[in-house]
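So, here come the structures, one by one.
Shared between the two complexes below is chain A, which has chain B as its partner in the first and chain C in the second.
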Partner chain A sequence: MGHRDRRLGRRMVLPLILLLLAVQGYPMAFAVYISAHDYRLTALSEVRWVGLEQYRGLLDNPSYWTAMKNTLVFVFGAVSLELLLGFLVAYLLWRPVPAQNLFRAILLTPMFVTPIAVGLMFRFLLNNQLGIIPVWLRSLGLEIDWFGPDLALFSLILIDVWQWTPLMVLLLLAGLEALPVEPFEAARVDGASELQIIRHLTIPLIRPVMLAAILIRMLDAFRVFEYVYAITRGGPGERTETILFHIYRVGFLYFRLGEAAAMAITLALVIFVLVVLLFRSLRRQEALT
Partner chain B sequence: MTGLARGIAVKAMPARGILRWGRRWPVLLRFSMLSIAAVAVLFPFLWIFLASLKPPVELSRPSLFGFEPTGVNWSEVWLNSPFARYFLNSVMVGSLTVMVSLIVGAPAAYAFSRFRVGGTGLRFLILAAQMMPPALFIIPFFLMAYYVGLLDTIWAVAIAHLTFIAPLVTWFLIGFFEDVPRDLEEQAMVDGCTRWQAFVRVVLPAARPGLAAAGLFAFIMSWNEMFYALMLAGGHSKTLPVAIAGYWTFRGVDMGKMSVAITSAVIPVMIASFFVQRYLVRGLGGGALKG
Partner chain C sequence: MFRRIAGFVMALGMLASWLLGCRPAAPSPVTLTIIMEQVPDTDVIRKLLPDFEKENPGIKVVIDAMPYDAMRDKILASFMAPRATYDVIIVDNPWMDEFVAGNFLEPLDDRIRGIPDYDFEDFVKPVRDIGVVGGKIYGIPFYNYALGLIVRQDLFDDPAYRDAYQKKYGKPLAPPTTLEDYVRIAQFFKEQSGGKIYGAAMQPQRGYKVFEEWKNWLYAAGGNLLDDQGKVILDRPEAVRALELYIEMYKTAAPPNSLNWGFDEALRSMAAGEAATMMSYNWMLPTLNNPQGPAGNLAGKFALYEVPGGKAVLGAWHWAIPRNAPNKDASWRFISWVTSKRVEKQRVILGGAPVRVSAMKDPEVWQKGFGQSYYETVLKILEDAEPLARGPKAEEIIQVVGTELNAAVAGEKTAEQALKDAAAQVRRILGQ
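Then we have the complex of A and B:
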């Protein structure tokens, strides 16, 4: 690669770098600044330097930890269910089946719907007076309070599973379709059973793709907001208060921007670690291909 | 999906050779299981569409069929409310964001795929940039929009959407440019083009499907985004997701109208998604995952 190519390359990247500095770099620095100040939307003329005080305050802020815990439960619950279900569906779609392309197109649709619409649809589908699902369950003798204190977070997880299992299917199916055929034929000649093949061949072979898919889903699940906003608004009590919703509440309902910014920065650090893991897993796969 | 559901696109591939050994699970069993999954996916869509046709008195009755369909909700929402304007707001925010992202992202992605400018560090930066949580940026954005008087304008929303759409588009395009054979541009340069001319005249046209897929997917992401839109433009510059959320208030819900709004917002992305699906895996992996 010549000197001129390198110069052209730098020029071609420059606009993107400038754009990212403007829309990400500067706001990020501003967020750090806000987090070190007592910055209230109701008193913008009385901004006061407080250093790390707001970070220290998070340590013994029970609402913050409840929101973090709820978010972790949500992320792990949703992503593990999506992995199981997504693998099953991808496996079913992998080999020829009648209407294969139609199934694929239908089963992928939920991930393209705006999450607020998904949240509202399920809010009213599962509503005890208006919804049709409780009517059917009642005719089976089941009375389930989907958004009561015990089940609310779990119901949000199920909604996430409905919407995002398709992404898992998409990624895992791509992984399955890229697998070589020979090892499977050899295993079959040796008389291995279907379950043995899945356990000792299929899963180990697509593990790298699985890891990338899990990380991509986790990164997304951490910012769950719309379902909470559409359905529970954090309740009952704080049972479904997730971290993004809590930041919204503290910043925009209680007007404590400084404290909200400090929370957002701790969340960004968690996300950053996951991005590092995702990047490493993608690079490893590139090295393989 | 927000976020990313950001992009790994998988291209549809023919099931080569798999036929011979893939006969273990009876086809009928697999077909029935997939049918159950399809019903679970389609049912909420069917339900919300039917609700949009129900006369207001029927809406409190949880039944699927057995009502006289009416267009009254549709005409109320589209003709007698500012909904069409919110629809237009979403179209404008999405087009603006995607246009800027393609103009800025395509050269950068090309420079990365051909010259490795910035190396691993830059590539990581692009991935990290699209994954950063919106909570980190919303407070600075809100204050900046407030200070410069951009609150409740589509500009504020479009700029906020650039934070994740621009890196997303760039990330997608890296993979697609790697699929364009290098011989193409080398031939163009032998014929007297400069490298830049070769990029504009030969590489960009050759990567058109990838550009279209990345642009459409980015448009869907912007169309569906609610967090920024809700905080930055809750008034007359609402985008569709914010408008949809607005049908459920503390005074109760207007089910019929909300169903119309949801159906109207979902149909365009459904159509777009069929064009995007086969490119999605390749794009999401930034070229690392096979599509």
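Then we have the complex of A and C:
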């Protein structure tokens, strides 16, 4: 490639870079800017520089830590359940099944429903007065308070699992189907049991796909908002107050945008660290194999 | 070249004269956009609009109705814009001081003085006071949502219940006037009906709801959020007692697993005949007693009383004009029309929640509306009522206290601890 070509190439991506700067760079820079200012929408004439004060304020803000903890529990609970179920289902579908395309299409439908609708749906399905699920459970003699203090966060995790396991299935199935057949045939010839094959062949081979799937789901799960908004509003107490809902509360109900921006930036840092750790382990795996 | 420039200048001149000329020629009709909540009281306003537009041919009114949760953001966005999206807004009572502190609302004193027979003093005092901040009037009362005690009168009149209660407690069964009586009566209904009828459909939902219900209990126990000097007194023994009784009621007399219940759930429970009492907005009574309403066969069996202790939590919506509204005169024309004595009477007859004393004392309203005793009870409720919280931080205080109360009802904290934590947070918010 000649010198002129490269220059032309750079000039041609310039509009895209400018666009990205305008629609992503500016809001991010502005968020950093207001996180260092006492920026309240109801007192815009009193905006002043406060440096890191708002970040320090988060340290002894119990609601922030509760929300962070709830979010981490939600993310780890939801993603690990989804991985487990998703792998099981993908493994079962990884063979010729009659009407397999129809099967897969039906299995994927929850993904296509918008999350706020899923939230509202489960709010009514699990409602003690109106819901069909408590009615069925009662006919079995079970009385479960899905949104009580003990189960509320777990119920939200289950809803996330219902909606997003299909994505896991989709990704893992694609990974499984791309695997070479020879190692499996060789293992069978050598008399390996099904479980041994899964443990020593299948899982190590699709580990990179698994990690990518975990990453995608994790980034998404951190942004959980709709279920909380539609069902529990963070209650009972603060049992389901997730970080994004808390940011929304501080920013758009109390109008303290500066403090909300500081929280959002710490959340971005937490996610960044987790992503780096995941990538590291992905690299290490590749180096080993 | 010169000809070209001359032609250009001439064209410019013609354009300018055309622009200038067309401006004063036809005063286009003003369109007022009003942000409102999707509630029955908005439907009442919709029914009145044709009259307003007939009396004011130059003004068209468009109502932008939406769910409560969407309103605060939209109103604020409208305040921020160089030119307001909304010509008239309605303000929920916790937002009033905050919006005034942000310098977003237009003072209305002069405009009120401009209408001789307006009679601002006719609005019930506690409701009217919400719209007055720092001695100036910023909001005109639209409708009230003060709390009352709604009971199943047929159960209280049932001889079987009456006799059993008399035998057990040595006094007649009557709607409660103290907290202890309220808890006892609620427990009595649950026991006596064998668990078929719960004593009270409660609303311990986190945030606004639980605070709104419990603060009536706090008043009855002699407590409050702040004292007269504005100091936080939420952790005093009266408050602890009120919360302990409230939790006892929830555990022993409310429907099971109702920790997340808000307004809808409690109403459904009451309408289904599952509960004997509930604390709710006073105007839920006509809804429950409406044969076409949610209660079906039970319609007509409900009655409204003051909450135990007599002092109630007051909620109210106010009309206001944003400072950046483009047609303030037209905005005021609408507000002064809809809140005038004459239209208030029509509005209340159509089922709107009253705010003017004259409407509540009007025999024509009694007759065409829901009867004399209803309006008299509502007036009594409104005269002794106080909002949940005031000041520019009211919304946050309500959320914070409501979270702690809900945690205490959920059993995560003791009543004392929850109130201590709540008081500490309110002190921090207020900078005490």
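Definition applied: the second predicted complex is superposed on the first by the 272 of 289 C-alpha atoms of A that agree within 3 Å, B and C clash if a C-alpha of one lies under 4 Å from a C-alpha of the other, contacts with A are read in each partner's own complex, and residues count from 1 in each chain.
In this section, a residue touches a chain if its C-beta (ideal position, glycine included) is under 8 Å from a C-beta of that chain, and two chains touch if they have at least 3 such contacts.
What you see is a predicted model; the values in this text were computed from it and never measured.
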{"item": "Larger contact residue set on chain A - chain B or chain C", "value": "B"}
{"item": "Which superposed partner A:I216 touches (first chain B, second chain C, both, neither)", "value": "first"}
{"item": "A:F255 touches, of chain B and chain C: first, second, both or neither?", "value": "second"}
{"item": "Which of chain B and chain C A:V113 touches, first, second, both or neither", "value": "first"}
{"item": "Which of chain B and chain C A:F184 touches, first, second, both or neither", "value": "first"}
{"item": "Which superposed partner A:G235 touches (first chain B, second chain C, both, neither)", "value": "second"}
{"item": "Contacts of A:Q129 with chain B and chain C, given as first, second, both or neither", "value": "both"}
{"item": "Partner chain in contact with A:T42 - chain B first, chain C second, else both or neither", "value": "second"}
{"item": "Residues of chain A contacting chain B in one complex and chain C in the other", "value": "129-130, 252"}
{"item": "Complex interface listing, chain A residues touching chain B", "value": "1, 4-6, 8-10, 12-13, 15-17, 19-20, 23-24, 26-28, 30-31, 34, 88-89, 92-99, 101, 103-118, 120-125, 129-132, 134-135, 162, 164, 166-167, 170-171, 173-175, 177-178, 181, 184-185, 188, 194, 209, 212-213, 216, 219-220, 222-223, 225-226, 229-230, 243-244, 247-248, 251-252, 257, 260-261, 263-265, 267-268, 271-272, 274-276, 278-279, 282-283, 285-286, 289"}
{"item": "Chain C residues within the chain A interface of the complex", "value": "72-73, 76, 80, 98-99, 101-104, 205-207, 256-260, 265, 268-269, 392, 395-396, 399, 403-404, 406-407, 409-413"}
{"item": "Of chain A, residues touching chain C in the complex", "value": "41-45, 128-130, 143, 145, 147-149, 232-239, 249, 252-255"}
{"item": "Footprint of chain A on chain B - complex, ascending", "value": "1-6, 8-13, 15-22, 24-25, 27, 30-31, 33-34, 37-38, 40-42, 44-45, 47-48, 51, 59-60, 62-64, 100, 103-105, 107-108, 110-112, 114-115, 117-118, 120, 122-125, 127-129, 131-144, 159-160, 162-163, 166-167, 170, 195-196, 220, 223-227, 230-231, 240-241, 244-245, 247-248, 253, 255, 258, 262, 265-266, 269-270, 272-274, 277, 280-281, 284-291"}
